[in-house]
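Paired with subunit B in one complex and with subunit C in the other, subunit A is shared by the two complexes that follow.
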Partner chain A sequence: MTHRHDRVLRVDALARVEGEGALHIHVRDGKVGEVQLEIYEPPRFFEAFLAGRDYAEAPDITARICGICPVAYQMSACQAMEDAVGITVGGAIGKLRRLLYCGEWISSHALHIYLLHAPDFLGFDGAIDMAARHRDLVERGLRLKKTGNQLMTAVGGRAIHPINVRVGGFYRAPAPSELSALLDPLRQALDDAIATVGWVAGFDFPDFEHDHELLALVREGTYAIEHGVPHTDRGLVFPVSELDHLVLEHQVPHSTALHATLAGRDRYLTGPVARYALSGRWLSPLARQAAAEAGLPAVCRNPFQSIVVRAVELVYAIEEAIALIEAYEPPHPPVVHVDPAAGVGYGATEAPRGTLFHRYDLDDRGVIRSVRIVPPTSQNQASIEDDLLRFVATRLDYDDARLTSVCEQVIRNYDPCISCATHFLTLDIHEGELP
Partner chain B sequence: MNTVVIGIGDAYRHDDGVGLIVAKRLRDLRPRAVDFVESDGEPTGLIDAWDGAPLAIVIDAVDAGEGVVPGRIYRLGLHHPALSGGGGPAGSHGVPLGDAVALARALDRMPRRMLLFGVQVADVSQGVGLSPQVEWAAGLVVEEIAELLVTQRWAAR
Partner chain C sequence: MNTPEERPTLAVWKFASCDGCQLALLDCEDELLTLADRVQIAHFTEATRATVAGPYDVSLVEGSITTPADRDRIMRIRQNSRLLVTIGACASAGGIQALRNFADVSEFRSIVYARPDYIETLDRSLPIGEVVPVDAELRGCPIDRGQLLDLLTAMLAGRRPHLPDRPVCGECKLRGTSCLLVTGRAPCLGPVTRAGCGAICPAANRGCFGCYGPIGDPNTAALIPALRAAGLDEDGVRRIFRTFNAAAPAFADAARGEEGEQR
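On to the complex of A and B.
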């Protein structure tokens, strides 16, 4: 007997393309035999597309990989290029980069918490239904997101695909008055973020835990965002230059996204939960207090509580942005001079949804010979499938609609890029023989 | 507040970028009292872009199904069923445009008037540049909107 249930995703007259995921669950003799999450992975096209391009084009081109986290792509690309040509960018330029990145975290986390994830916990089909009942909450989420966008616009030139970022720094440093104009909205956002932590901490979380190895960048003394050294919670520490030896990707038949594992180890998880586990002690006092009041343990292994961790990071990113603006001095010049040189460079930064690795191989004219981009969603794919397998196994008595709903919620715990559409999943449940 | 022209799309997916290309060509004409926004379809950005505008003109790629001639131009008003929620385009990081409209309605953050120009796509595979039929349609849409913007400005005097 085969039951087939298709989620209602109507792509009618105004169809755009891609961005849909599919989940296939095979059940045999009342047990889950296999879970396959199929996702779409844009970076593979971009890797080929970048070959033959000038090194200076990489930040602008890779920003197009994602409309939600373009800064992450730009920052990882810049860092890798600078590594390849042998320069270090820090000081005032580094702080401006961190400020820009804070804008992206604020925007992305607010979007995910309010419009994509919270409706799951409150029993709404999506943000539209939630807005009808809780307009004030949705307005608060939009206000937070807008503040993040304003920050990205002020530093990056615009919120989507910023245009002010270049290898070595920025084309133009914003005037102090441009940034100080954001302090009032940011202070309002800080209040909103603290309220957000309290709100989401009160959600009803399913009793479920994972045992994935957690990977995030770590930078002693601060909460790593724009650079750091990869660490795992099981003691693995490696320089980003070891990426090719330690982060292994392989194809799986059911997905266009590569699965990643750590050499000699297994699947792992990157993202807010990993960052919080590895760097939580370096959050600001206010963010730590918010986490404590929310009841978050030092290591959070319930993936449904990732919404609380994300809210705590929202508090941190806003506080950090305020501090950076209050101490801001425009870098003169806003860029470190770059001379093209042959070499291989590595970059890694913390995108809102996890660690994003870039590797570029340049020739002596600065032309890109090869590229490797390892996005967080593909790194997390095996862990998401493992969560699904174990979560679904104890809920096979649910009808198709309910099972679909909880599966989507499991996936949304990880804020994968494909989940930016509230409903994206087509669920096929096969009962009987595995194909 | 100015009229806002919003181009939606992905420039790296051939015809899916038609909205962005039309908006850019209109911007290059430097019309007065018009704001331009590029969007990947993300709903809160769209709402911020059109909130309170006297007129929002949105240009997006359309796939109206098999048998529709590539380059066919659709003109939809605010009350067209395709913009009534629960449908429309679903990009890699977007929700259906209809959902963005529905959310904006729930929050009372709609423009006073909205016009959507949709262009039927032929090729949405990865890569840059429009297919010939869509390129032809893009030119027509640019002309039509440019004329509309002039008329609009005179009407507002």
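On to the complex of A and C.
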């Protein structure tokens, strides 16, 4: 076992994350000097080229920020546009949106649990070689993922970059028979998801805890997905319209993604662990039972156990989808009429990996004047680096290969979506107004 | 069955993109493990840490070239690949990020970043084919899973893939969707857009917005009056051609025509 005083760990291309990132850790005199989660994903300038586009184009265009969570972008964009023009969309359309979102949660969580994260715990490079030993398990994961994709296809028209979403609702409401055809696969998926919770709960989790402030949307009486009010576990509650004053981002030299902090506070964490801490009591009885049997505490502060929380959310999203389909009545019409109007609108929804904020400023013809998008991975980046710093400090006796491998695992705990993170706010507008 | 070492090697590479097209490979839930028995997945960072040194039999390339470093990287990948296949609109036409090609990129950079000097980027988002020779391209934003499987099967069987160069209209006819343009219900790019998606948008009562980019010989001049008749103004016509395949020459020309003397 090596125990050197000066060492540099580099992972030039992080595997099994969405997008392109690297990790640099410098250890000097036996202490961790510097940790950088470097995001080198090339910038694509969404905020810049959205200016001048029509409000109705934002759901389709912002979906292209991320192929893993396009529904999250579409939903936050729609909500923000509806806020800007002063309409509310709920009822049967709102339920159909929640159903589409459940599809994305199922698909994305199954992808992360089985193909990206579990191989770390079982000592495989990836799911393909894991399948050589555990084919039935990988097949179960793929079956779950497929069910999520089928749901997105039935409601959204296709799984990657759905085409049926528009500001105000949908282009077309699916026929009840198109959705009820999914009940059998969803019931199979529910069994698979419950088995998933039991499976991942048995993994060997390193002893480690963080103390990040946890932020998630909360909506009294339900597990918030497609809307809610931002809350933290330390008592901060704010309307989404306070976004620009409270969620601050700054650029760091090593990254094409911004780091977010809360004004007057510090780093914070968003995502499944935060949702579970703030809304766990509103999970379905079955999901709560699965969590209890997995030994999950009410607030889970071991980031390695996030895989268990994701599995519990998988149970919930499937149950919720079944309930929504069983009660489904097609909205007529499937869209609320929109008259373009000048205004500023805010949207926030729970992407699979955390809260996704959008803000748009429209002119009176509905043309976008400015945009701010705050994706979950930008918000989590400072917390991930803090975890790395503290985790590495307690594992300096590991050799380079093992230490590098566990550091990658620390990053994967957060299911970072680097494609998402590489899109930032318009600093020029609000810089002078910040408190 | 061949031993792993004898199987053809498949590598997947990412440039500026959303990850959605390589996700289409993982979305082949029923076929993925069978495929993994037939090819050796030699490089695919989204799926595995393991990587095998080239050369590779087939490289699938997602994304567009937007930085000097990426321009060098795609040249190395080309040298290391027997067949290079682009996947998706970013790789085949520069993607949505090619909207920078019509603007001042230094202005873009300072709108988005407080410290633009940290950011190294090219003035244009380049399709892969503008930097290196490409053997085949799968169109779409995102690509179609079925077309991807057909391409990989064709590669294993040593046959040509079925990549249609006909417009979306044919797929509407096959589905029995009545024409949105003829009935005046919505502006639709179907007549000039390459098929492959299954005409899903007209089936959902919305016009095609061109995810698969232009067909080989698109008559955009004839389509534009029909787009106007279906309700688009000049700016609307310009914008409908300027989305995910904005820099594909036929769509770029159509949009430029609408701008008149502005640029």
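Here is the rule we go by: the second predicted complex is superposed on the first by the 394 of 435 C-alpha atoms of A that agree within 3 Å, B and C clash if a C-alpha of one lies under 4 Å from a C-alpha of the other, contacts with A are read in each partner's own complex, and residues count from 1 in each chain.
Everything below uses one rule, namely that contacts are C-beta pairs under 8 Å (C-beta built on N, C-alpha and C of every residue); 3 or more make two chains touch, one makes a residue touch a chain.
All values derive from a computational prediction rather than experimental measurement.
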Problem - Partner contacting more residues of subunit A (subunit B vs subunit C) - result: C
Practice task
Name the contact category of A:163: first (subunit B only), second (subunit C only), both, or neither.
Solution key: second
Practice task
Check whether A:139 is in contact with subunit B, with subunit C, with both or with neither, and answer first, second, both or neither.
Solution key: both
Practice task
Mind working out whether A:265 is in touch with subunit B, subunit C, both or neither, as first, second, both or neither?
Solution key: neither
Problem - Which of subunit B and subunit C A:408 touches, first, second, both or neither - result: second
Exercise for the section: Could you tell me if A:60 is touching subunit B, subunit C, both of them or neither one (first, second, both, neither)? Expected result: second
Practice task
Classify the contacts of A:251 with the two partner chains as first (subunit B alone), second (subunit C alone), both, or neither.
Solution key: second
Exercise for the section: Mind working out whether A:171 is in touch with subunit B, subunit C, both or neither, as first, second, both or neither? Expected result: second
Handout entry: subunit B versus subunit C as contact partner of A:47, first or second or both or neither
Key = second
Completion exercise
So the subunit A residues that subunit B and subunit C both touch are 13-20, 42, 45-46, 49, 64, 66-68, 111, 115, 126-128, 131, 135, 138-139, 142, 145-146, 149, 158-161, 417, 424
Fill in the blank from the handout: Given the complex, residues on subunit C that touch subunit A span 14-24, 26-27, 29-30, 32-33, 36, 41, 44-50, 66-67, 70, 95-97, 99-100, 103, 105, 107-115, 118-119, 121, 125, 141-142, 197, 200-201, 203-206, 209, 211, 236, 239, 243-244
Practice task
Report the residues of subunit A in contact with subunit B in the complex, numbered from low to high.
Solution key: 9-20, 40, 42, 45-46, 49, 64, 66-68, 111, 115, 126-128, 131-132, 135, 138-139, 142, 145-146, 149, 158-161, 417-418, 420-422, 424
Practice task
State the interface residues of subunit B toward subunit A in the complex, per the touch definition above.
Solution key: 8-13, 16, 38-45, 47-48, 60-65, 74, 82, 85-99, 102-103, 106-107, 116, 118, 124, 126
Problem - Interface residues, subunit A side, partner subunit C - complex - result: 13-20, 41-49, 51, 53-54, 57, 60-61, 64-68, 70, 111, 115, 119, 125-129, 131, 135, 138-139, 142-143, 145-146, 149, 157-161, 163-164, 166, 171-172, 250-251, 253, 256, 408, 417, 419, 423-424, 426-428, 431
